[in-house]
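Across the two complexes that follow, chain A remains constant while its partner is chain B and subsequently chain C.
Moving on, here comes the complex of A and B:
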């Protein structure tokens, strides 16, 4: 057992309101630069939808992630030799149009236009060429299902869905969507690291952050194609690849990443996970439907004395072990089994986790009733409001957001993992609603809890961490001990007074 | 000192010195600037035809030049049979033309595609022009003064060795025709431009990739000790 620590983020999708504040926070800090205008290290997608870059989940085209065949785990992009032969042209690389032509508006026109009959307008101009253009796509072009006949229907996660269910997804009054915020998954078995011919990308053992060494990067741009999540970007101005750095400068100073910190819906949690680095290959080499289980299998119990001893032997300090024990991620992922990695079938062992969203069921039930009675117009379920939740609980398979769709996103199509998670969340909701409607814990609510496999204490804990967590409960950040790291790098006395000085080279293209 | 000595006896040393010293400095102290500066993100189709043709054409032709430099006798022996000579010359000419066409495609692409033009520096154009002159003068030499693989071992091999062994004999070049002289001089220009341009990416070809393990994990603290 080789214990390592990992900083992980968790997205509670049931709370995401799709406001894009995370994206803006990230953009303002990291990608508001020449060559990086089109990059969104953090982006929010509407699902069903094609995402950003458009159709990124289509691995037949973009060749991201790993393929498990005949007992071998291979990059879908290339073998090592193939990689060298494709240095001059990489057929799987997305082009800027797969993202979008970044644009701004020429606001100065508003002031400098000659006087005339019409109001002056600020014309859109490309941020690459500076020429006037007509924006035709963007990072959230199909936000809230805008243009869904063009975008949402191309969502690869809709495969395996009953045609009737597919049609129902886009019906008036039955239309449904959810949001999917995405950052780099800081995988345990990253495709980008494996694909980089130069070896410029690496994973930090201390906290699992995957970083590009900009000084080593030589623009072979294999990482862009090999990342199945399309979360490595190529800066066309500097000729270097860039990606989400999990705001490590913030983590090292005890702050949550900007996207998490700014989250309006407070959907994001940060915490430490302990994992067994020795078992990474075996976790990635199992059939699709077992991938989630195998990945959770190498995430270790931070309370297990054996794990603690092994962690200490690896030089992991007490602060980190304590943070792992208090980690909200560990609770959601391992204890309550409510969260899953995004697209485990890519076999990169993504380390950011998602709690799947609940969706309205009632209207679907009402529609079925309407159809059975052959009536037009609105038909209401004739059930007392206090019992409505139970009806929903029993009819999860008719949820507006099909379970199969969620399974395609989060469990490689394995519905038997998603359903228990949704049932647990519903059971907690029922418990809490009964408490406020009936004034206490009811017998019926307890029966649902038992059916979902939760104790009253667990349900209470899930409720508290979901709806009422404080900042410190959402972000359990370990001490990075930068003071010690600095001493290792440099003798503080010898370099006293130097901080902030030196030569800063502007990131120019070439020389 | 006449022009010939200046261009073929002195300038090569300036170019070589620049190539070695500036490249070493840049690799060590300005590593961020070292990059192949790919523009594939901005335009793909014309790059596909241009880049593959230029790169492979140049790599293979340069390998041929290197062979002639290292084993001139072997080359002459190979050429002893006319059929083998024709085969070699046709292959060389074909590859040269391939590189020439590829470079032309890349140059016109860089000039005419607005996005690529926006990302270009004057050095990017200069590099393509130098390579274009190199490919053009090389192809013309091959067409007009056949057969190059016959006289290269007799003229160019001793000239290049005379430069590398610090006993320059520029007079070997003096009587060559214009296109060939241009080809040789352009090579030294190429070397002089090399450290100041994206051309440095040539020495960073990541052959080590074949041997390294897939994953790279770094302990920042252990690294520092």
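Moving on, here comes the complex of A and C:
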């Protein structure tokens, strides 16, 4: 057992309001530079939808992630020999059109236009060429199902869905969508690291952050293609690849990443997970439907004395072990089994986790009712509001956001993992709604709770961490002890005072 | 007392004998290939060293060995215009030992013996060996890998070694070449053929071939440049065509599909 520590983020999708504050916070700090205009290290997608870059999940086109065949785990992108031949020509790379041509507006037009009948407008200009352009795509072009229905219809996660259900997804009264905020998953088995011919990408041992060494990067861009989440971006101005750094400078100074810190819906949690680095290969080499289980299997119990001893033997600080014990991520992922990695079938062992969202209303039930009564138009279920949730609980497989869709996103299509998570969340919702609105809990609610496999205490804990967490409960950040690392080459106090001043080595193309 | 005074002298004598003996071995190793085992040279190609007044001057010999000589030279009424490659691998002390040995030779060996009879080479076989159509017996690389002879081969040969078109004129005709080929003095060539020397017959055949080509009218070097440009262009266009086809065949991305559908 080789214990390692990992900083992981958890996205409670039931709470995301799709405001894009996270994306803007990230952009303002990290990618508001020349050559980085088109990059969104954090982006929020409307689902069903095409995402950003458009259709990134289409691995037939983009060739990201790993393929498990005949007991071998191989990059989908290419073998070593193929890689050599594609050094200068890599058709799997996304083009700028797959992202979007970044644009701004020529605001000076507002002041310099000649006098006329109409209001002057600022024309859009490309941030790459500077020429006047007509924007035809953007990082969230299909936001809230806007733009064209073509985007949602082409969502690959709709595969395996009943055609009737598919059609219903875009009906006026049945329409449904959720948000999916995405950052780099700081994977345990990263495709980007494996594909880099110069060895410029590495995963930090202390917190698992995957970083590009800008001094080593030689612009081969294999990582861009090999990352199945398309979360490495090529900066055309510096000739280097860039990616989400999990705001490690903030983490090292005890602050949560900017996206998490600014999150309006407070959907994001940060915490430490302990994992067994020795068992990474075996976790990635199992059939699709067992992937989530095998990945969760290498996440270790921070209370297990054996694990603690092994962690200490690896030189892991007590503060980190304590943070791992208090980690909200550990609770959601391992204790309550409510959260899953995004697209485990890419086999990079993504280390950011998602709590799937609950469906808002019982539209499919209403639709069934409408059909049985032979009526046109909307028919409301003739039951009291308070009983609606029970209805959803009973027929989760017909929930408005199809379970199959969520399973395609989070469990490689394995519905038997998503359903219990949704049931637990619903049971907690029913329980707390009765407690706060009706002043008492009914037998029925307790039965549902038991059926979902929760005790009252657990339900209470889930409820508290979901709805009422304090900042310290959402972000359980370990002490990084940078002073210990700095001590090696410098006086820590002097280092602290100088941090952030100047370039050590400005990035140069070709170097 | 007496013995004591003579001791350094005796030592010096012993040393000089040792040096001369050493010099002989070194001569055999570095010089004999071209200048002959008896330092007799090859008339018209490689100057003799025995009886050559120049070798009396130690500094000259050391410089010649370590830095090489080129250009016209007259020894005993015969003029030579070859190139002797530098041999920096011979240390200064070793070069001095060689000079010592040569000095001793010059008096005794006033008359050089006639050059050893040469094996008659077959130029056709030489051409085959040069082009690599016929393998060298000991596994050495064919000459064309590194050298060019004007007019031989569609794109000429390699450019690592010197152009051999007029090698016969530079390196002492058939006799000089065949000696040189069996024991090359050029450092790179020596390394390349270490452990896989040319046989006498092969050397003779190649020498005959080189003499033959040196007498032909050489083709201009620009011929190869033109051919190279054309071949390069053909290769490049095949490559570009291949890439263009690959690019066309790649699966269309969703962005492209949606855009084209929206345009319709």
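Note that the second predicted complex is superposed on the first by the 485 of 511 C-alpha atoms of A that agree within 3 Å, B and C clash if a C-alpha of one lies under 4 Å from a C-alpha of the other, contacts with A are read in each partner's own complex, and residues count from 1 in each chain.
In this text, contacts are C-beta pairs under 8 Å (C-beta built on N, C-alpha and C of every residue); 3 or more make two chains touch, one makes a residue touch a chain.
Just so it is clear, the model here is predicted, and its values are computed rather than measured.
K.L.:
Under the superposition described at the top, does placing chain B and chain C together on chain A give a clash or a fit?
P.N.:
Chain B and chain C clash in the superposed model.
K.L.:
Can A:110 be said to touch chain B (first), chain C (second), both, or neither?
P.N.:
Neither partner.
K.L.:
Given the touch rule stated above, what does A:89 touch, chain B (first), chain C (second), both, or neither?
P.N.:
After superposition on chain A, A:89 lies in contact with both partners, chain B and chain C.
K.L.:
So, A:17: does it touch chain B (first), chain C (second), both, or neither?
P.N.:
It touches nothing on chain B or chain C.
K.L.:
Quick check on the superposed pair: does A:198 touch chain B, chain C, both, or neither? Answer first, second, both or neither.
P.N.:
first
K.L.:
In this superposition, which partner touches a larger number of chain A residues, chain B or chain C?
P.N.:
Tallying touched residues of chain A, the top partner is B.
K.L.:
State whether A:238 touches chain B only (first), chain C only (second), both chains, or neither.
P.N.:
After superposition on chain A, A:238 lies in contact with chain B alone.
K.L.:
Classify the contacts of A:132 with the two partner chains as first (chain B alone), second (chain C alone), both, or neither.
P.N.:
Neither partner.
K.L.:
May I ask you to decide whether A:219 touches chain B, chain C, both, or neither, giving the answer as first, second, both or neither?
P.N.:
Touch partner of A:219: chain B, not chain C.
K.L.:
Name the stretch of chain C, from among 38-46, 110-118 or 218-226, that runs into chain B once the two structures are superposed.
P.N.:
After superposing on chain A, the stretch of chain C hitting chain B is 218-226.
K.L.:
In the superposed view, which residues of chain A touch chain B and also chain C?
P.N.:
Touching chain B in the first complex and chain C in the second, residues 89, 94-95 of chain A appear in both lists.
K.L.:
Which bits of chain A are touching chain C when the two form their complex?
P.N.:
Where chain A meets chain C, its residues are 50, 53-55, 58, 60-62, 89, 91-92, 94-95, 97-98, 136-137, 148, 150-151, 154.
K.L.:
For chain A, which residues count as touching chain B in their complex?
P.N.:
Per the stated touch rule, the residues are 75, 80-81, 83-84, 87-90, 93-96, 126, 128-131, 189-190, 193-194, 197-199, 201-206, 214-221, 224, 234, 236-240, 277, 484-485, 488-489, 505, 507-511.
K.L.:
Can you check the complex and tell me which residues of chain B touch chain A?
P.N.:
26, 30-44, 47-48, 51-52, 55-56, 114-115, 117-119, 121, 123-124, 196-198, 201, 204-210, 212, 214-222, 224-225
K.L.:
How about chain C: which of its residues touch chain A in the complex?
P.N.:
By the definition above, chain C touches chain A via 243, 246-247, 250-259, 261-262.
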